[in-house]
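Below: a set of structures, written as structure tokens.
You will see subunit A twice below: alongside subunit B first, and alongside subunit C after that.
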Partner chain A sequence: MVMAVKELGTLHSVGKGIPRLDADEKVRGLAQYADDLNVPGAWYGFVVRSPVAHGRLRGLKKDPGFDWSQVVVVTPEDIPGNNIVDLMGRDMPFIAHDVIQYLGEPVALVAAASRHLARVAGSHIRADIEELPPLLTLQDMVARYKEDPAQLHELASQTIRKGDTEKALSEADMVVEQEYSAGHQEQLYIEPQGMVAIPESDGTMFIHGSMQCPYYINPELCETLDIPPEKLRVKQSAVGGAFGGKEEFPTLLAGYCALLALKAKRPIKIIYDRNQDILYTTKRHPSWSRYRVGVMKDGTIHAIQTEFLLDGGAYTTLSPVVMYRGILHAAMGYRCENVAIDGHVYRTNTFPNGAFRGFGAPQALWAWESMIDELAEACGMTPHEFRLKNCLHQGDSTPTGGILRDSVGSPTVLEKTLERANFSEKLKQCSHGRRGEKKWYGIGLSFFAHGSGFTGDGEARIKAKVALDLEPGDDGKPVVNVRVSSTEMGQGTCTILPQVAADALSIDIRHTAYPMPDTFKVPDSGPTVASRTAMVVGSTIFSAGKKMKAELEAFVSAELFDGQPVVLEQDRFCGSYGDKEMSFEEAAAQYLSRKGSLRVYDQFKLPEFIKWNQKTFEGDAYPAYAWGCNVAELEVDTLTFEIRVTRVTSYWDIGRLLNPVLAKGQVEGGLVQALGYAMLEKIEIKNGKYDADRMQTYVIPTTLDIPEMDLHFVEFPYEHAQPGAKGVGEIPMDGLAPAIANALVQATGIRMRDLPITPEKLFQMMHEEKTA
Partner chain B sequence: MNKVKRTWQINGEEHQTEIPPVRRFLDVLREDLGLKGTKEGCGEGECGACTVIVNGEAVLSCMLPAGQVPENAEVTTVEGLEKTPGGRLLQAAYAEKGAAQCGFCIPGMIVSSYAMLSRDPSADPARIREAHAGNICRCTGYEKIVEAIQSAAEQWPAGTKG
Partner chain C sequence: MAGWNERVTDLSIASTMTFDDVACAFPASLQEALELMADEKTRGRLLAGGTDLMVQWESGVLAMPERAVSVKALPELRTIEETEADVIIGASVTHMDIRRSPLTQKHVPSLVDAAATIGGFQIQTMGTIGGSVANASPAGDLAPSLMITDGAVVLASVRGEREVPITAFWTGYRKTDMQPDELIVRFRLPKMPEGYREAWRKLGPRQAQAISKVMGSCRGCVEGGVVKSFRVAIGSVAPTCVRLYDVEKWIEGKKLNEGTLAEAEKRTSDSITPIADIRSTAEYRKWVTGRIVRGFLEQFADQ
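Up next, the complex of A and B:
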């Protein structure tokens, strides 16, 4: 099944389960996370927040009885530049100055010598707000949408059109209509958000902390601080999990710290406690999907019409792109020549929703893969027959008219998973809510693709830049440092990129290293998001490594081997006359002593045949797709309605496996996060506030909730991005919820269309069914 | 506030402190003694990132008033594991099996593993899962953590407390 990859050379690091290069410091407790940084003279920052979700800010009242001399207070008047957080829209201020759009919106910043004093001072500032009626929930948003969308404030919209969907719906033998929804999900990285801003004597502002994307903070903060990019240094500390939650949010925290640091003229540290972290950071967008799908009697999908709505929260932030990824996956995976998709993001008065592993795709696929089972049933087909009949193959066209040219893991992952799970046989054993049983058994299927890299024109715009530095390491020996802005946050960047660099050069991985990204040292290889690091940044490192290899071979040939042709292979330079050989380490040391350090740059280029129209959403939405298939088996306790997922079987095509141990770790962790999304993790809004605001009330899976996981990879390497990885970060999040809902139908006869699926909701649905 | 004097054996070294009895033991370790390996994930005893061993028992240092840590208590934090054969085994197994991803839960997780195996090195996967149910990890899905602990258990130095 493994396809040949040209000109790859012999790989010695890639494909091996090399232990993480940062494992040692992590298991010894030595990794320095934001709160572990020793920052002499630092004060602690605190954010004073609006107690209401929507209103007009009349002013701030500072308690005259409080001793303000011991603290520093920042209000909008103190901001040197523009009071704007520039993400996809320029509508969000760092500190509110007019309209309050969500509960907890900053109205002032305070710093003091201790956390306690900063908090106490903050409690002596009161915002005077004229309250306005808020729009708080997805349910209210959808109700207004159905009544008249003009009542809503639209933050973004986008359409996809292929063929003539209305005509095709009228031609179809059957039209199935259905609605699905999903609630918030909190990233719940175990390390809360934390940041430090250090004003340096030369006017540089040094931002150091927990983040995914150093090159978001620079340039975004430059406009607010009114400093040039070269005066803003951003460095990543060890990151204790992120999952998208540290994509755009850290810009806010860095802004709070930097604004306070400017005024206080000293370092400022803000470490959120868990309660602040849940209440006042981004979450996965709640979503609502409505489908009208036309099918023919033989089970062919003839027309797909869908609306995909996201609850954006208070400001635009990254929501447009989350919605784009959502609509690009909302009808993906299956052949259909008539597709009409409308995506919208509307404002509600909650904290802006944001990036979370999957980035719109899990919401879209939750609905779409549930719908696929409903379509199969309408056609009188089994879930697997229907999928096998309609799924995309190599050469087919996606909903945006892109052609799946190569590296297509469909239908292989589907076929292999079905076989491995013995799906068709076990489907016959399902309980269908039979009376008199203690436990109901069900099995369910989902099949899906996830676009690798930025959506649409993103990679073409960013043109990821990377560098490799050959320089003396801490021990004086030559080391090849990987210089990228791609961060390590647990997923494995710090190991896979050195693996790729080592193989490109044909050297031992011990001669490579991955220093923590620092914008004063690394070029902008783009943010660490969108399942793009392995494919986009990895392939650019690979070509940079090839360049460095050629440079070093030329040096050894000219200066050490009397001009004879030289090849660097398996850590040794070999002259072609067979009389000279030198180790990489020795030759690289010679290079350093004669010529100094060597930096090689490279830049990512999309293959020329990848075409995309960002206005009409036509063409190749992604350079490549990863493919996955999940089979979930579960048991329902017929007395308590407790649902226990007992087993997940799945196959994945993520292109070439750079590191099988790390890749499997991504899949296991992603599936468990998806299990939480599907069944456990629930936040509702009560009195304008999230009701689950701590780890006691926001419950995520523990060791006791984990199903048996039978996970396998099939490799379809992506030849246009050597060594051929596609991306594994997000796809494990995409398909488990619908597989569970589909299994639950087989177990109970009840179709759940709102996430999370809890025993309470199941009980209610069974009760309604009985009384109906 | 009144302070109390305490002498503790932390990771085999004697530490004398004078602390307010209600100060969280976590803060004493991290801020007063500079042992920053132990982490705070939730501050309310839910996540287990702050787990340390006091006189053989795994405890949540964010919920423990320092005054309740007895005089002459033997304390083990993540920093102390490498001083013991069992601790080194666990560290190697966690690294090799890919049990650490972001690593933030690991100081608490691996200390819980050490406490459990010191008591019962014969633990099977079900027991391991039970003993680590109070240590939340958001990255790994726990599979590789359980594998690592099993692997360390198989090689656990016989007849020792680790």
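Up next, the complex of A and C:
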């Protein structure tokens, strides 16, 4: 089913499990993370925070007994420009000056020569706050929503409408209604947030640190610092994991550092410790979904009506787009002509929730793929029969009326996973809470798509720009440098992009390199988010590489091979008369010595036929979708109700595999993160504060918790973005939680509709069932 | 809380001292350590592996002391020995030492199983039995296996040595019977008698690096389906690890069948009043403790 791809050429690097190009320096401990950066003269910054979740700031008091001459303090009056963090909403200040919206909101910044002194100074500043009642939890938010949404502060909303859902619900043979919820999830990257701001003598502010998106910080900070974009330089240091947690948040940290640096007139460094990092950075949005779905007796889905709510935390930040991705996945994957979706984000008084691998899709799919099993049951069908009957095929239309034109891994991934896992046979062996057994066995299914690239009009607006530079490398030999703002954060960007560039040029990957992004040196290829880098940036590099190849071939033909036609293939320029040949290295060196370095630009263009209405949410929400299917098997210890996922079987269509080893790593890691989301990770709010604030209390899976994984890919390359990748970063996070919940039903008869799935909840629900 | 502002929000600024400010003494012998502890001017916080202390200091749960006295390397505290009746374990013996010793494996097997579930290899290599017991956390994983031996903690000071029954050593949540000038030198643990068995069960949120929600150990002997002897201790369900004397007494002499197992389970649950915390709920703990004890008895009955 793999399609013919135009002008692809032979692939020598793409498709191979080339070892990560950054592996050596990371294994040897040479990589420079933010905390490793040795910045002479740097002071340490510290953020003084509100100790209450909601209130009105009356003023700040500084301890008159403290020696303030040894430190620098920044308050809103010191901000040269506007005290606004310019994300989607312009409602968040860098430093609170009026209303306090969350516990931990900055009220002042302090810097001193040592980290310790900065902290001590911070404890000598007190915010005088008139407390107001806070809204803290998803539960309270949903309770108010059910009572009267007008009581809530709405940060964003959006609808999707297809067909006539109310009418269709009245026509349906059965209407099934259910609610699902999930809480916060912390990214828990290994390297905590860290940043340095260095004021340079020419007035440039140089921001260097741990981040996913250098071009978020520039321009976002320019308004606050009141400097032109060309005076704000942003460079990424080695990043020890991000998972979305270093998408929008680093702008805040860069702002704190830069504001202190301006006043102190020296470099400022802030490195969060784990406690600060958990308490005062973004998390996955807690979510609540309510479905009313009309089905017919024969098992067709006739109408889907759903509300999807996100707890946005204190400010708008990126929440609208997270909600958009949520609603775009909330009814995805199955045929239905009548769909009505309402998405809302409401304010609560916690740290603003933000980007996290999956970006709203895991929340939506947790509910939707649980609901699908409940619908199957209502129709008297097995989970797989119901999915096979309703799932989307090539040519079908999505909830927004987009057409699945090509590269459609459905139903292939579903069929193959079912077969591989022997699902229908094993389903019959499930325990259903039978008495007298030591272990209960269950198997569960989930099937899902993940939109590749930015949601809606995002790619059209950003128009990712890339450059390839042929220039002398450190060793003087010619090298093709991939110049993009797309970052390496552990996921493999710095390996796959050179692979693509090498194949576009038809050269050996050793002639390519990926220098760390620096906004003074790279064009804006967009942020490293939304599973977009392999598809969008990769394909733009591919076409830039083709351009560079043509340019070099023309050069060799005209200047070295007497005008005969030349092709560059497998690292060699060959003249068509058969008498001349030259290695890439030699010819490129000739080019450099005669013409100097060569820069080739390119820019991403969506195919013409991709149409999207950002107001009504109609059309092609994404240029393409990756597809996945998970089968989870689990055992419940009937003595203690401990639940162990023993095996996950899955197939994935992520388009063309650029690097199968890295792709598998993404899937394995994503599934482990999804396992944590499903079964372990939880944060409750006690006295306005997250109760899990350390690695001791925020529990993620260890290697011993990881089930056996049987993972496979099927390739449906995306023809309109060669070499045809669709993105693998997020989809592994999307579907495991519902597969586990669905397996738990087969094991115990209990349906869990709130994450995480724990023995405590199973006990409580078993107990309630018994006493009911 | 040394700061001027009492309402600081970060654990990190709760303490304005750093570990560099702590003067740490490294006595060469037990006698020297006892002498340091005897004098208020030289006395310091006892420091063994530091796996509890470093965390508590860093997070501000405990204020950093001016002085510390390191006992980890004292040779007198590093041995595992036996007498006819007992296994003698030095206070600075690590969890890894306990796992590897043939003496502990043979005579106090549930202690070995418990040690194997503590943290990960790094913690097992640094953390000590003395530190775990003196830390007096109800979630200390070694506690139940120590309690079911009916053994003793041996304390020493310049005034001499004294033995405290393990069952009386913890006097409340993070409280012990130790005097300020005393330190734990060793544990005297009666060996498991011939024909007896021990069992260990830990429920944590995950498979490793897990603080127990509930854990317990038992030592006992079942012959012909009848319980000859049964001692059971459970941790993480009360301010200290607890022995379930009433359940022990009730089950002894009974034949194990569904009726007695169910009754033992119920009596266990009824005998404790655990609390809810970040790791688990009160209701689950109460129920699952009964289940664990039932599981122990079933395991013994299977033999």
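Note that the second predicted complex is superposed on the first by the 771 of 772 C-alpha atoms of A that agree within 3 Å, B and C clash if a C-alpha of one lies under 4 Å from a C-alpha of the other, contacts with A are read in each partner's own complex, and residues count from 1 in each chain.
Heads up, the rule we're going with is that a residue touches a chain if its C-beta (ideal position, glycine included) is under 8 Å from a C-beta of that chain, and two chains touch if they have at least 3 such contacts.
All of these numbers come straight from a predicted model, not from anything done at the bench.
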item: Touching partner for A:704 - first (subunit B), second (subunit C), both, neither; value: both
item: Touching partner for A:20 - first (subunit B), second (subunit C), both, neither; value: first
item: Which of subunit B and subunit C A:553 touches, first, second, both or neither; value: neither
item: Touching partner for A:125 - first (subunit B), second (subunit C), both, neither; value: second
item: Which of subunit B and subunit C A:759 touches, first, second, both or neither; value: second
item: Which of subunit B and subunit C A:503 touches, first, second, both or neither; value: neither
item: First, second, both or neither for A:694, with subunit B first and subunit C second; value: both
item: Touched partner set for A:36, first subunit B, second subunit C, both or neither; value: first
item: First, second, both or neither for A:188, with subunit B first and subunit C second; value: first
item: Touching both subunit B and subunit C, residues of subunit A; value: 273, 694, 696, 701-704
item: Subunit B-facing residues of subunit A, complex; value: 17, 19-20, 22-33, 35-36, 187-192, 238-243, 273-274, 489-492, 661-662, 664-665, 668-673, 694-696, 700-704, 706, 709
item: Of subunit C, residues touching subunit A in the complex; value: 2-5, 7-13, 16, 18, 55, 59, 203, 205-211, 278, 280-281, 283-284, 287-288, 291-292, 294-295
item: Residue ranges of subunit B in contact with subunit A within the complex; value: 36-44, 46-47, 49, 77-79, 81-82, 90-91, 94-98, 100-107, 110, 128-130, 132-146
item: Complex contacts: residues of subunit A adjacent to subunit C; value: 46, 49-51, 63, 65-66, 103-104, 116, 119-120, 122-126, 273, 275-276, 279, 639-642, 680, 684, 689, 691-694, 696-697, 699, 701-705, 759-760, 763-764, 767
